[in-house]
Every structure is written in structure tokens, then in C-alpha cells.
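Presented sequentially are two complexes of chain A, the first with chain B as partner and the second with chain C.
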Partner chain A sequence: MNKVTGTPAFVTRNSFIELNARARARILFDEESWREMVGPFDRMESPWLPMQDVTPEADDGCIVIKGKIAGKPAVAIALEGAFQGGSLGEVSGAKMMAALDLAAKDSREGSITAAVLLLETGGVRLQEANLGLAAVAEVVSSLLALREYAPVVTVIAGTVGCFGGMSLAAGVSSYVIMTREGRLGLNGPEVIEQESGIEEFDSTDRAMIWSIHGGEQRVGMGLADVLAEDDAENIASAVREFVSAGKPAQYRSRKVALYRERIAALDISHQIDPLALRKEWGKDVSHGEKQ
Partner chain B sequence: MEQIDFVYPTATRRISGRSHVGVVGSGDMEVLLEPSIQDGAQVHITTSVAGFRDTWKAVFDRFFSRFDGAVQIQVNDAGATPGTVLLRLEQAAEAIK
Partner chain C sequence: MSGNVGHRGRIWFQAMTGQGDPQAGDPGSVLAAAANVGGQTALFVCVIPNPQSRFPCVRDGQVGLEEAYSLASHIWETVKADWEKPQSQKRPIIAIVDVKSQAYGRREETAGIHFAAAVSSDAYASARMAHHPVIALVVGHAFSGGFLTHGYQANRILAFDDPGVVIHAMHKEAAARITRRSVADLEQLGHEIAPLSYDIHDFAKLGILHELLHVENPLEPTSADVATVSRAVVNAIDDARKGPTDLGVRFLSDAAKKSRKAGIEARALMEKQWSQA
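Take a look at the complex of A and B:
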């Protein structure tokens, strides 16, 4: 906050969360360097939604923008959380996979192209279930191919969060940036409650949900790399840093033995306290908070 | 879901450029506005809420009483109110000026 008489920072800042997916993606790029690929006027809509009485979107809720970030070639793929919960269908999945594959192809041919995923999504689109599941598998395999050459940066700003199949994409990313408002988890709160009962997980208890899935907890546990304030320039600068940094020394998704050991060591005779877990798992976390 | 079409033959001013505004999120809609390849303006609406053809007609009549561009408009709607519809249309029209 500025002086008592000044305007508080949370009023003057340019909120990232309040931007739609297209605006979020654009703001990451160096000025005038970007262009949108397979945009709304190409009308690559979902053919499956109208058959089920659901209005489609002209870009199928997946925005692909190619350009330069911190002077380096990059592609941003943003899922629009407001459209069908940011869900991944046949068309949006194909767009995401094709963008990642083209980035990998460019990278192999010498033009290292980073990918930035802006994930606001509940995962697979239920109306296109099998095609969506296939898309998740393809996206993850494309991500694994690309990350051998170039950094893949995932941003989970909120407020939809990143769940289901797309949480796997976040899991294999080179870097994950989150805000306090963002959430990351394999199963969403409603699904856990439905499958395991309200005693296990109360999906209306927002404080509990954020204490488990929230950005602060995920970064604290070392499952995400940076906790950023909800500010467009702040998040863009965190993305630029990771794009410039190149590939990480070690991937989180390769630390299989470490996580197996940690999970085996958990005492499940009582409810695990999120703060205690953060302290235990976060002791080797070196990344700080970005203000 | 309902699909609705309108034509406005008197909107004949040639325009260039195209614009896209809005998101198909609850209470909102997207508009794709581009030059028409025919004479006059054509409107194609896909809306999640059936039974409001007359309301759509009234809103577009109002819009084309002030806008004369020969445009092709596609609307994908997820339950926008008439006020939001007019706002989105005016945003789209402003973006091509």
C-alpha cells in the first residue's frame, strides 16, 4: 500500500484474473510481436456441443498466440475458464497439441520456442469425453517432447483453477506459476466429495479447499515454483524470467522416488494438517514469493 | 438452444475490418462482426436460451437503427441480458471504426 492518502496498490494494479483468456495471453508478449493462430474467424467450433444443445464458441475456448516473450520465440495457449469451465474438447485439444508440436518442431530445427500454458480448466469436457481424454494424452505427450528442447511454463491464476486431465499437463511442465487465488489438483472438490463422502471432503468449505489446493500451499509444498500477486505485469515478468531461464536442472515429474518416499511416510491415522505438510515437504523449496 | 437469423437490407455502407468481442460465459456472449459478402447485413444467433426471438429482434432493430454497415454478425450467446447484448454489439461496431 502507498501512503495513507494514496490509492492502495490493489486498486491501481491491472488484475490478471479479471482478464479473459485472450487478453491474458496477449499481455505476456513483447509489443507488436504476436499474432493469433486459428482465431475465432477461422470458426473451428466444437461440432459436438450443438448436438447436445450447448452453444459453442468460435475458438472453442482455446486461444493460441505466437510471438516473442523477452525477445525469444514463444507460443501461449490459453484456456478460457468462462466457457464451459475451460474444458478440453476435441477442437481445443487439437489446437493445444498442434501448437505444442509446432513449437517442438521449430525447437528441433534450431529456433528454440518456449510454450506458456494458461490453464483455467476443470479438465476433459464431459460432452466430448472420449475425445477429450484422448486429447489430454496427446497434449501430455507433446509437452514431454517439447520440454526436452524448450521451457514449458504453466500459469494458474484463477479463479477456475486447474483440475482433472489438465493438472497432469501442469505436473509435467518445466515451471508452474500460481496466485493465491489459483488452485491445482487432480480431482476437484465436488468430485472428491461425491466419491469419498462429505466427511472426507466438504466441497463448500472454501477455506479448507484453498488450504489444500490453493497456490500458497502448492508453492509452499514445492508442487509449484512461484507464488505471484494477481497483477498482469507481475505475472508477465515471472513468465519472462522462466522463458529466459531455459530448461530447469531437474523436472518435478522425474522425482518419482522422492514423492513415493514422502507419501509412504505420511501418517494417515489422522487428518493431515496442510500447514504441517507444507513445512515438511517444503523444507527444500528454494523459490521465494514474487511480489 | 435456438438458432435465429435476421437480415437488414438497408444496412449497405461498405465496411472494412472485423472484430471479435466477448466470451460465451454465463450471462455473456461473443460477437463476430465482419464485412458482408452480400448486400445488406445478416445476423446469425446461436443462443442457449430458447424462446426469446422477439427480444433479439427488438435489440437488433435498435442496433441497426443507429448502425448502417453491411456486416455479417455471428452471435454465440450464453444467456446475456438485452442490455449486455447491445453493449457487446456496440463494442464490436466501435472496434472496426
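Take a look at the complex of A and C:
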């Protein structure tokens, strides 16, 4: 990119990953078009955390920004990975569900409103356990309702990754953008090791973790759409393209027969080689790499 | 209680449908059957333990890849077959739930179990949004990703009022470890903080359940037990047919208004600010 001056790209790049959730969400919007909804000054905090001697956040780790992306109405919902691992609690879940429902309402009434989910999350917040799990089911439901009318774009940039219940939200999204640093899976490495033993999953084996959950693998095997470099403008441009594109012709999460056959065809007498799987499942994937 | 996790599913599937064998093409862990309930045909689905599963990490009744895609196939088959029917004739879908968890395995992660769970959630939610009454009948455990994959998208959730019934985000030992508490502390906290509790009575306080059902013998149901549960399922179906197809009903009860006050307030504020933006 900067061949003329000889400056390597990583020097001039404006890292997206280094931004907090609020800055990530803002950077996606057309200038001066955005406004934060139920922001920190509204002090909608978790009532459950103080009861457990955990300090709450005034935005509950969920930032909702409404405005225009590529000239079109859109809402971005970002989970802050630095607060309680980006976990979903009662309030953050309610904010997310409400924003998706309102986008769906506007869309039904003629103003197609896209949603962009910036997911850095370990899933359900265990201090709010059952209300977190309920919120996941409700968010997935509201996302599916919106998806009928408007594109829902999930971005998993890293470094927390997208795990637990919110990985289902990624799974039903219209489009998924990932970086090489982003990870996507139902169970995080530590949880699998804890539940099934170190022979099943060694949570210190970073190479193995990224070969399974990493963005390059998920895009390569067709479970995400675009592998983007960690650059704010680059990721914002990928988001703009999907917001402009509108709804996809077919949803990945409706290809039940295809994936059922693929699972039936797996040789699982031993662990699955991620690269071989990527070759097999990625055959018909047409994805772009954003540099 | 964990000794019989998964067995209640089969017991109640048999009691409700008179059938108990997996269909050809399904894994041994998935039961699906059309059966009569209150004079209408419904699709019943259930996930049960299959000690012979080719996937080692689902053998105790966890919900894995084959389970999720099989559930989705059955649900979509019903939704597509009923596509042209009037709303009142869309067949109910009854998820009988007794699942330990999702599968915690490397094979599953590699092949995208998050996506399989999403596909099944999509099927359940799409059925609901297409006006099929979707009823979850929790007869045993309903844990974490297992419940998200199988049952938690239902318009109405029924659960047995029984100590063997637990709905939770994570099993006790793991939740204690991750939140750095002892199991005893966690149990104590559950009495004070309802969403943390493993007791179904505390779960009922969250307002998410449609009804708690009293059955005399959940492991060996009498014909009176089956009749009670069938009646409750039919009532839930009727109620679901009358209501909207989203999950908003989970916020409407007095219990929800109390337990989910903070979430309800956040939503109200979002609605207000949204209309002003």
C-alpha cells in the first residue's frame, strides 16, 4: 500500500483492535450523523453486580450508537471487552434487544435500518447467570426478526473474541467480518479444558486455538464472510459495503441440509484437522480479503 | 440428581407421544415424532443421551453438532409443510427438554458448534415467527448452550415443579470456579440473588416461565401426570396462538416487572431516545 514511500502498512495503520467499544462503533458512522443511545450519563447500570461487590459500569459495557452508515440509517451495538469480558447481563442484553427491535420497527415502517454488532464477549455474565442466558435467547430472536428486513453485520476484531451465547448471534448474522486476531466459537479454550480435560483441548496451545477459532480459519471454512486487516478504515469500509449491499440472497443459517451432510461426512475417529476442513468446506466459498 | 439427566427426556417423550425410537437418518440422541395433543397434531422433539454416539463429547446427553442440525431439519420440515396453512392450523412444536449442556469438545469447536446452535435457534425462532406455537417443556435440566439450541426460543416455557428440574447458564462447579467462589457460597448467594439460583422456584421469580407444573412422579409418570401435562401444553398452545410471535411476553408478568426492572427501564429509555434521535 505504501510502496512508494517504503513505509510498512502496519506503521501507518490506525488499529481498530486498539480502540475501545465506543470508539469502534463511532468510527463506522458518517461524520456528524451519530448519537449514542442510553449512554453512560443515563446510568443504566447492572443492579446485580454491586450485590456481589463488583463495580458496575454506567453503560453496562454495551454501547449503542444510532446514525447513518454509507448514507443509510443504522445502529451499532458494541460490547466492551474490557468490562467483565464483554459479558452479557440483564441491562446490556436489554439495550441490545431494544436497539434491534427498534431497528426492526423502523425497517418495517419503511426506513430500512441496518444493525452492526461489534462483539468482544465471553458470553453470559455469570454474576447475572439466568438473566444473561435469557438475554442471549432474546437478542438472537430480535436479530432474526430484524434480519428479515435489514442487514445485520457482525464484526469480531479481537482480542477477546466472540464466545458463549453471543456466538449464536454471530451465527445468525447476515454477514460476519473478522480479523486474524478475532476468534469465534461456542466454548472458549479454558472452558473446554476444564470440562473435557487437557487431552481434549490444551488452553495454552495458542497455535491450535487460532487454527480452530481464528478469523482466517472461520472465513476460510465459510462460517464468516470477510477477513479484514486490523485497520479502522478498512473495517469501516467492509461494514459500509455490507450495509449498502442490503440483505444477502441466502442466509448461511438456513443451509441446514448442506451442513447436516457435511457433519455426517466428517471422519471423527480422530481430531479434525482444521486445514483439511477449511479446504473441504471452503471450496465453494467466495470471500474477499480486505487489505 | 445429575444421575438421571437426560433420562427424563425419553420418559416424557414416550409418555407424550407413545414413541421412543429415533427416526431413520437421525442420530440415536434425537427423538422426533408427530403425535396428538388435545385433538391436534404436534411435532415433538427431544435430545437424549446416546452412549454410542460417534462424538465422544455428547454421550451423556449434551447437545452437539448432529443434534442441532437434526432438530433444525425436523422443525423446518414442519414449517415448510405448513407454510400455506392458515395461522390457526400451523402445527405446534413441542421441545421436551432435559439437556446437560452443549458439547464441550475440540471436534465440535473445529466444525463450528456455535453455528450449529445458531442454525437450530434460527429454526425454532422462525417457526415461532411463522405462527407455530413453540412450547418448551422442561422436564429435567436445561443448561446453557444446550437450552439455547433446544427450547429457549419457545413462545411459552413450561417446567416441572420438582427438585430435579434446573434451568441455568452454567453448572454449579464451573460457575463457582469462574466467579471465584465456593459451591456453598454460590448456593447461599442464589437464595439472595434470584438469577444466580439453581432452584426452579427462584427461576420462576424471573417471570420467564409460562407455568410451573406439579407432577406426582416425573420419573415414572402416572396417567394422571400425563393428563396434567398434556392439559398444560394445550393451554400453552392456545395462549401462544393468541399472542404475538416475539419473546416480549417474557417481560409482561408481575414477576418479570419486578425481577427485570432494570432491563425494562433500559428498554423504555432506549425507546424514548430512539424516537427523538
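As a convention for this text, the second predicted complex is superposed on the first by the 285 of 291 C-alpha atoms of A that agree within 3 Å, B and C clash if a C-alpha of one lies under 4 Å from a C-alpha of the other, contacts with A are read in each partner's own complex, and residues count from 1 in each chain.
We adopt the following convention: a residue touches a chain if its C-beta (ideal position, glycine included) is under 8 Å from a C-beta of that chain, and two chains touch if they have at least 3 such contacts.
For clarity, every value in this text was computed on a predicted model and none was experimentally measured.
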Chosen between chain B and chain C, the partner touching more chain A residues is C
| said: For A:28 in the superposed arrangement: first (chain B), second (chain C), both or neither? | reply: neither
| message | In the overlaid three-chain picture, which partner chain does A:55 touch, first (chain B) or second (chain C), both, or neither? | response | first
*In the superposed arrangement, does A:219 touch chain B (first), chain C (second), both or neither?*
neither
So the chain A residues that chain B and chain C both touch are none
Within their complex, chain B touches chain A through residues 1, 18, 20, 23-26, 28, 30, 32, 34, 46-48, 74, 76-78
Seen from chain A, its contact residues with chain B in the complex are 20-21, 39-41, 50, 53-58, 61, 80, 82-84
The chain A residues in contact with chain C across the complex are 35, 37-38, 42, 44-48, 51-52, 60, 64, 66, 90-91, 93-95, 97-99, 101-102, 124, 126-138, 140-142, 144-145, 164-165, 167-172, 184-187, 191-192, 194-196, 200-201, 212-213, 218, 221, 223, 251-257, 259-260, 262-264, 266, 268, 271-272, 274, 277
Listed in rising order, the residues of chain C that touch chain A in the complex are 54-55, 57, 65-66, 69-70, 72-73, 76, 101-102, 104-119, 121-123, 125-126, 128-129, 144-145, 147-148, 152-153, 167-170, 174-175, 177-179, 189, 192-197, 203, 206, 208, 246-247, 250, 259-267, 269-271, 273-274, 277
